Amino acid sequence: MKKIEIRFAGTGGQGVILASVVFAEAAGVHEGWQVVQTQSYGPEARGGASKADVIISDRPILFPKCRKLDFLVCLSQPAVAKYLSDLKVRGMAITDRFYVRECPHPKTVCLPLSETARQELGRELFTNIVTVGAVARISGLITLESLKKTVASRVPKQFIDINVKAIELGWNLVEKTTISSVPAETKHP
Amino acid sequence: MKQLLSGNEACAIGAIRAGVRFFAGYPITPSTEIAEYLSRELPRVGGTFIQMEDEIGSICCMNGATAAGVKAMTATSGPGFSLMQEGIGYSIMAELPCIIVNVMRGGPATGTPTRTSQADVMQARFGTHGDHPIVALCPWSVRECFDLTAEAVNISERLRIPVIVLMDEIVGHMREVVELPETVKIWRPDKPKPAPDQYYHYDDRNNYDAAIASFGEGYRIHLTGLTHRKDGFPTDDPEIIKWNLDRLRNKIEENRSWLWDIYYEDIGSETVIVCYGSAARAGMEAKRQFELKTGRRVGIVRLRMVWPFPNERLIALLRSARRVIVPEMNQGQLYREVERTVSLRVPVVSVQRYDGEMLTPEEIIASL
Amino acid sequence: MIEVTNDQFLGYFRLDERFPHILCPGCGIGTTMATMVRAFLELGIKQDELCVVSGIGCSSRVPGYLDCDTFHTLHGRALPAATGVKLAKPELKVVVIGGDGDIMAIGGNHFIHAARRNLDITVIVVNNFTYAMTGGQYSPTTPTHERAATAPFGNVERSFDVCFLAKAAGAMFVARSTTFHVAHLKKMLELALKKNGFSVVEVISQCPTFYGRYQGIGDAVQMLEWLRTRAVDVSKVTDPWHQKDKFVIGVLHDQQEIAPYTQLYEQIRAQSRGK
Amino acid sequence: MKKFLLEEPVEIVGPKGHRHRLLKHFCKGCRICVAFCPTQTLDLDERFKVTVAHPERCIGCRLCELRCPDLAIFVTPARRKQE
Amino acid sequence: MKQLLSGNEACAIGAIRAGVRFFAGYPITPSTEIAEYLSRELPRVGGTFIQMEDEIGSICCMNGATAAGVKAMTATSGPGFSLMQEGIGYSIMAELPCIIVNVMRGGPATGTPTRTSQADVMQARFGTHGDHPIVALCPWSVRECFDLTAEAVNISERLRIPVIVLMDEIVGHMREVVELPETVKIWRPDKPKPAPDQYYHYDDRNNYDAAIASFGEGYRIHLTGLTHRKDGFPTDDPEIIKWNLDRLRNKIEENRSWLWDIYYEDIGSETVIVCYGSAARAGMEAKRQFELKTGRRVGIVRLRMVWPFPNERLIALLRSARRVIVPEMNQGQLYREVERTVSLRVPVVSVQRYDGEMLTPEEIIASL
Amino acid sequence: MIEVTNDQFLGYFRLDERFPHILCPGCGIGTTMATMVRAFLELGIKQDELCVVSGIGCSSRVPGYLDCDTFHTLHGRALPAATGVKLAKPELKVVVIGGDGDIMAIGGNHFIHAARRNLDITVIVVNNFTYAMTGGQYSPTTPTHERAATAPFGNVERSFDVCFLAKAAGAMFVARSTTFHVAHLKKMLELALKKNGFSVVEVISQCPTFYGRYQGIGDAVQMLEWLRTRAVDVSKVTDPWHQKDKFVIGVLHDQQEIAPYTQLYEQIRAQSRGK
Amino acid sequence: MKKIEIRFAGTGGQGVILASVVFAEAAGVHEGWQVVQTQSYGPEARGGASKADVIISDRPILFPKCRKLDFLVCLSQPAVAKYLSDLKVRGMAITDRFYVRECPHPKTVCLPLSETARQELGRELFTNIVTVGAVARISGLITLESLKKTVASRVPKQFIDINVKAIELGWNLVEKTTISSVPAETKHP
Amino acid sequence: MKKFLLEEPVEIVGPKGHRHRLLKHFCKGCRICVAFCPTQTLDLDERFKVTVAHPERCIGCRLCELRCPDLAIFVTPARRKQE
């Protein structure tokens, strides 16, 4: 049985829930995986911690919450503190270079996610979509094509191009070398 | 078409497919997505979405639309559900078929709005004053949010009764990939309704499974929340009061057997887990893990309908059980019913979690 | 032999066994009900095109006597219920009738919101200055200092001006009359029923059993006398709103019609399909 | 239409042709019609039900009918009938 | 002084004698006389009576007064009780001691306003959303309306909890001759409250039987209906949520034994009647008549407190019973609890009446 | 070294661990809260003589940050709760703060009734034209045609004029300001707090996260710009009530003080003992 | 054991509840009987049927509702129809001469109660108090003194005189001969 | 009074003597103070926290302080101190 648990974590307003939805939809609808996406957020619209979990499997998923993460994506420093303990020893942390100063985990990939959004797309708003592109490539679970299709079906027409661009930017942020550090479990279910 | 949908969205879609054309509600976490979805989709199918000034207005508005012959629903969570209780009583008394979705969150009071809970199960049964019948369904997956909402619509129409769909934050917000049928079975009465001059709104033959008149059809009906006669007009006559309340009771009594909706597996096992809603996902996972680990089978009884409580059926299903485990995300609410029903024969254990987090398979396994 | 008009008039009621009605001798609610039916007949509103909605209270008992679709809802909830009926079947004429307690106390919020929404219905507020059904407690329209079952030392609260509040909340048409001024009342009701939008008529009505007794005004006849002397026509005052000890009667607010709720929502439906 | 009269109404036609129809079993004896009849035409009988004490006085203004809270009195003025 | 008083009046007097100085309410049959009485008497003792715009306003206003340190109460009946459910949840969550009197009438919905019923018994327990503690008392006579209301005030203060006084139309409107004591025992905490800088509003030591700060005393307290920490501020931390809900649960769990208030007689008999409220008058009369007629004794267990349900105590009291009869003016509500508690050992029979009339001794005797 | 005023100012907040607060970047509620505290300090309202009451919503989160008695009640129920506090301890200064949803939607009835009763409290309505806490649904103050989470095709409803309604319901003092006009806002709050009777200040406030986004106005800075250009002083208009697309700011209604509720009730107590 | 059940019945607005309260208070507070008074009325403030029961006993009264009436006081014709079946065969009906046309019961005392109120006191409102006076004397359970005391304590000062008058009028309506028709049960409990 | 500052505030005194006190950990970088400072004195730093970019420009009007939604910036104008 193959089962991958991925958490997108950050601060309310960073759009981690949307990131997880796009990820799950691409994996589930376009790649044919079994997926469950869940989320948890504070009472606050913005400002509090926010996390969204995706489980991807080749069998029906019963328990929908992540327990032992294969991937932990952190877009804020507090998220690292809060969730690192949920990451498998051999799991991988993916962090934002700007917002996350440190991540005491052996397999950590630190990427300029928000910076890319800001610099290349002019608005930090797209950080989450850039992130999806990067994580998708790292995980090796989703093709670029599926991702683009998903994004195109999720956003209003006038925003399709920029979102697809964001996906590509994220995708391209990830070096070939990074991919090799995908946790073992992912490869050998 | 495969889609990634949340339970809330699937619930809204199920309602529309089953013929719901009216929604009156007031936003509240974690149910708001149902309203948001319907605000977009109902006008497209010629239906009506209205955001009322509060939940009381919502349920009464829904009752009004129902009285005028439109299939209607509302959705809320704990605080709003508490506010709706008087209105639910009215739906019951006037026999207005309608759907009330309660996406449960942490209580009491404002509680923990963004966390999950199953602590409104007893309230769903007894929240409004007076003796009254209730049907409540409890989906455990996105697909079931769709199915059971559609089912709720049909039951409400058949029984002329409000039906409660008890979801919770997990099931409502969780997204899964589903392929939903374009059409669902919609219940329609066999017989047409009698002509206005032969029509009684609360005829002995139309307590359920009957064609009912609504406003604007020339039947000149009278609806009231007072105890009433078969023509709908109020009465104080003890005999008729009893007739009126028996009628309500019989909606359930005479239909329990087909109403009951239970999924079960391996009930010949020594230990059986009785569960419902999202806690059943932990229950099922616990079963899987336990069986993998020990090689021993564990039975599972999953109540898709929690009210009316399937006592006789449960007694039958648990005949050979030596131990019953009832895992819930509350302080042991439905446990009380299971205990009442089967404790004569078999010990019942309550597994509780009520800190806003989902019950884990491990917690259940610990008491297997 | 019964003349046609009387026949039609009586035909609007459920005379078979519901009469005589349960209202006290000399209660103004009966007069209001009869006048309302006369207005329906005058305007040709057919029994099968009408739904009369109420909450709970003496005034809210009216629907139970009318031979049309009638909806006796919960205390205070006539307006949301009427909203549901109207939106579900916009072709129905929907009329709400209820008391100062039902519509202004527990139902006050629904009232102002229905007005704000410009729901195309007519609301008749039977103001007898008290919660009569429960035995004469003070209501939001009971004047300050007056006695009531729960104000043995006089009411400390101030009263609402029902009409002013209706206007402030967004009603299209607002009028006041009394059960003494029956012809006038009928005219006000007709104007309100003709308005395409949220219209309100406040009917000052006598409750001899409680309000009359607590205030020492006397029986029904004396109360009508009191209504007569207190009423002043809107044409005779400069400011219709802030009159003490007087009931300003007449059309107090009448604004140009705009598309009411059901019409606007129909546009939304069209728009939603266009997308 | 449903039958709507349980008791026969009392009909009185005055000398001027104004026809009164009284549904006495509806009348609760509140005296409103009596007190506000401009011509003192009406009164209550010994059982406190409305009665047309002086049919000759009636001017057919129908105010009694319009104010009666109990649908107990109806007046068909003479001129109406002639139309 | 001997007086002829109604139960409603006696309840109001009991409240005042026990220190209630605030009433917020909205008239409703058959409870209105409580409000009417207090509108006259509260100002005389320096208290406050306010008639709010509805029952929701009433309970929230009462909660406000309680938060400001005044013993407060409200009174209503079914429809109003349904409307108050959300506010009751707030009293529970913020731990505001207060009294809610529900003079039960026929339900559901508007039901039969002037007739009697005991059909809000389950609602009193489960009417508001979320897991929560409840104490509910059930007087059977005018004198007990006085006694148990005063008792309710003390319990609410000790447990920092709303206490429900479940009367019914019979008990509320019935008049009997009573001689009421001028003073009643008023509970006062042993220890004074800590200084503001050492004070936590929800300290582990002040869940019950403690001195509590209120608004205007310089403690700068924060009250919320959200799950909160010991300082009163909201939290989402699962551990603290659990702590918070356990705390509420423990109000009852740790005090059930002294809370339980049962009157009993002849429990050694073969048949025992378990009853409460005005139905107990029929129960007691049935016992008397039956014994006169047959010479055989019948046991009686009268619950003066229905919630928390006295399970262990009941098991003990019914140890030697061969048959238990539960007469109620509803469709068998507390019967469920009795059944759950003792059906393992002894058959339980439900005697029901729900037509607005009082249950008669004959109906009970018929099943003795 | 911290200067005295700042010290006092910060001392009014629960700074120990409750800050930074949970409101979004650039949210006007923070500005409203700070300005309110400045008004308290200006008037010498002591922390131990004050109770701030709210319902549920982003705006209703304010009490949780203040170091005084604070009462975070149920959604819509701040006013009845405040009524209880004020009547139980009339010596306390009681201030209610809440959103357009909390006070005008679900809490609308309590609002008009508290105004009618002339309860001696101050109500601050933070109007951001939306239910922000739940994600940007339309509220009773959302203008017609605007989009919201539950109005994907534009809002069919009309909006309340909060101030007009407050006046119609009986408020003694009614003013409006915005979070851009901070000095003005502070003055309005001070006037309201000084009024002996029911006083209302409507604060037009930016919610960049939802309202700003749904309306395409932009971020906090752009929203403040929008507030600046839309506001017009009451002295510059003839009719302060019916301005479209403008916020008339200033004192809109200020009537001569009469004995407020608590004072009148004290008289009732005296009278009751006299009997 | 002595136990007398008395029902006052009429139309809402006739004040039968007050009649029963005065009766019960006189019997219970002043004469030392055990009493229970209960009532039942329709939803209507006025117009519907209204009844009030008083049980008088020398032992504590458990069941508070009347079952078999010793006295049935009817101030309206419908009350007769509704309640006559509850009257013991040897019980007594007391009816108002004006409002009750017929009462098919052997022991019926027909008294001009409302007429007395109207004619002697000017307002029919006092019918109920007149009734109490009459019934008290017929029943033989209460002295005139106790009744007067009760009435005086129940009504506002300015109305004491007229109410006492009403009591006396009622009391005097009852001839000595009438008293002899008190039901047997009353005398021999 | 409870301790109320977790992090040391940043204090900057400009040449005209107007003293800024920044509670950077409260600042959410909304730019309100920056955009509406009449003299363009303020800016955000690389971590999007308020900073006094041009202390010399400040005229001590305190508008930044009054408008800040997060209690993150305080200004003590020079003249005030001299009083």
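Worth a mention:
Per-chain residue numbering starts at 1, and chain names A, B, C, D, E, F, G and H are given in the order in which the chains are listed.
Keep in mind that, in the parts below, contacts are C-beta pairs under 8 Å (C-beta built on N, C-alpha and C of every residue); 3 or more make two chains touch, one makes a residue touch a chain.
All values derive from a computational prediction rather than experimental measurement.
Considering every other chain in turn, the ones in contact with both subunit A and subunit E prove to be B, F.
Sorting all chain pairs by how many C-beta pairs they have in contact places B-E at the top. The distance from the centre of subunit B to the centre of subunit H, with each centre set as the mean of the Cα atoms, comes to 56 Å. Separating the centre of subunit F from that of subunit G, both taken as means of CA atoms, is a distance of 60 Å.
Once the centre of each chain is set as its mean CA position, subunit C and subunit F turn out to be 33 Å apart.
In this assembly, the C-alpha centroid of subunit B lies 39 Å from the C-alpha centroid of subunit F.
Residue numbers of subunit E whose C-beta contacts span two or more other chains: 40, 43, 53-54, 56, 79, 86, 90, 109-110, 112-115, 224-226, 234, 236.
Of all residues in subunit A, those that touch two or more other chains are 42-43, 47. Across the assembly, subunit D contributes residues 28 that each touch 2 or more other chains. Here subunit B touches subunit C in the complex through residues 22, 24, 40, 43-44, 46, 48, 50, 52-54, 56-58, 60-70, 72, 86-87, 90, 215-216, 218-226, 233-234, going by the rule given at the top.
Per the touch definition, subunit C reaches subunit D in the complex via residues 1-3, 5-6, 10-11, 13-17, 19-21, 23-31, 33-35, 38, 67, 179-180, 182-183, 186, 208, 219-221, 224.
Of all residues in subunit B, those touching subunit E in their complex are 56, 78-79, 81-83, 85-86, 89-90, 92-94, 104, 106-115, 117, 119-120, 122-123, 125-132, 224-227, 236, 238-239, 241-242, 245, 248-249, 330-331, 333, 336, 339-340, 343-344, 354-357.
Partner subunit B is touched in their complex by these residues of subunit A: 21, 24-25, 28-29, 34-43, 62-65, 67. Note for the complex: subunit C touches subunit G at residues 20-25, 58, 132-133, 135, 209-210.
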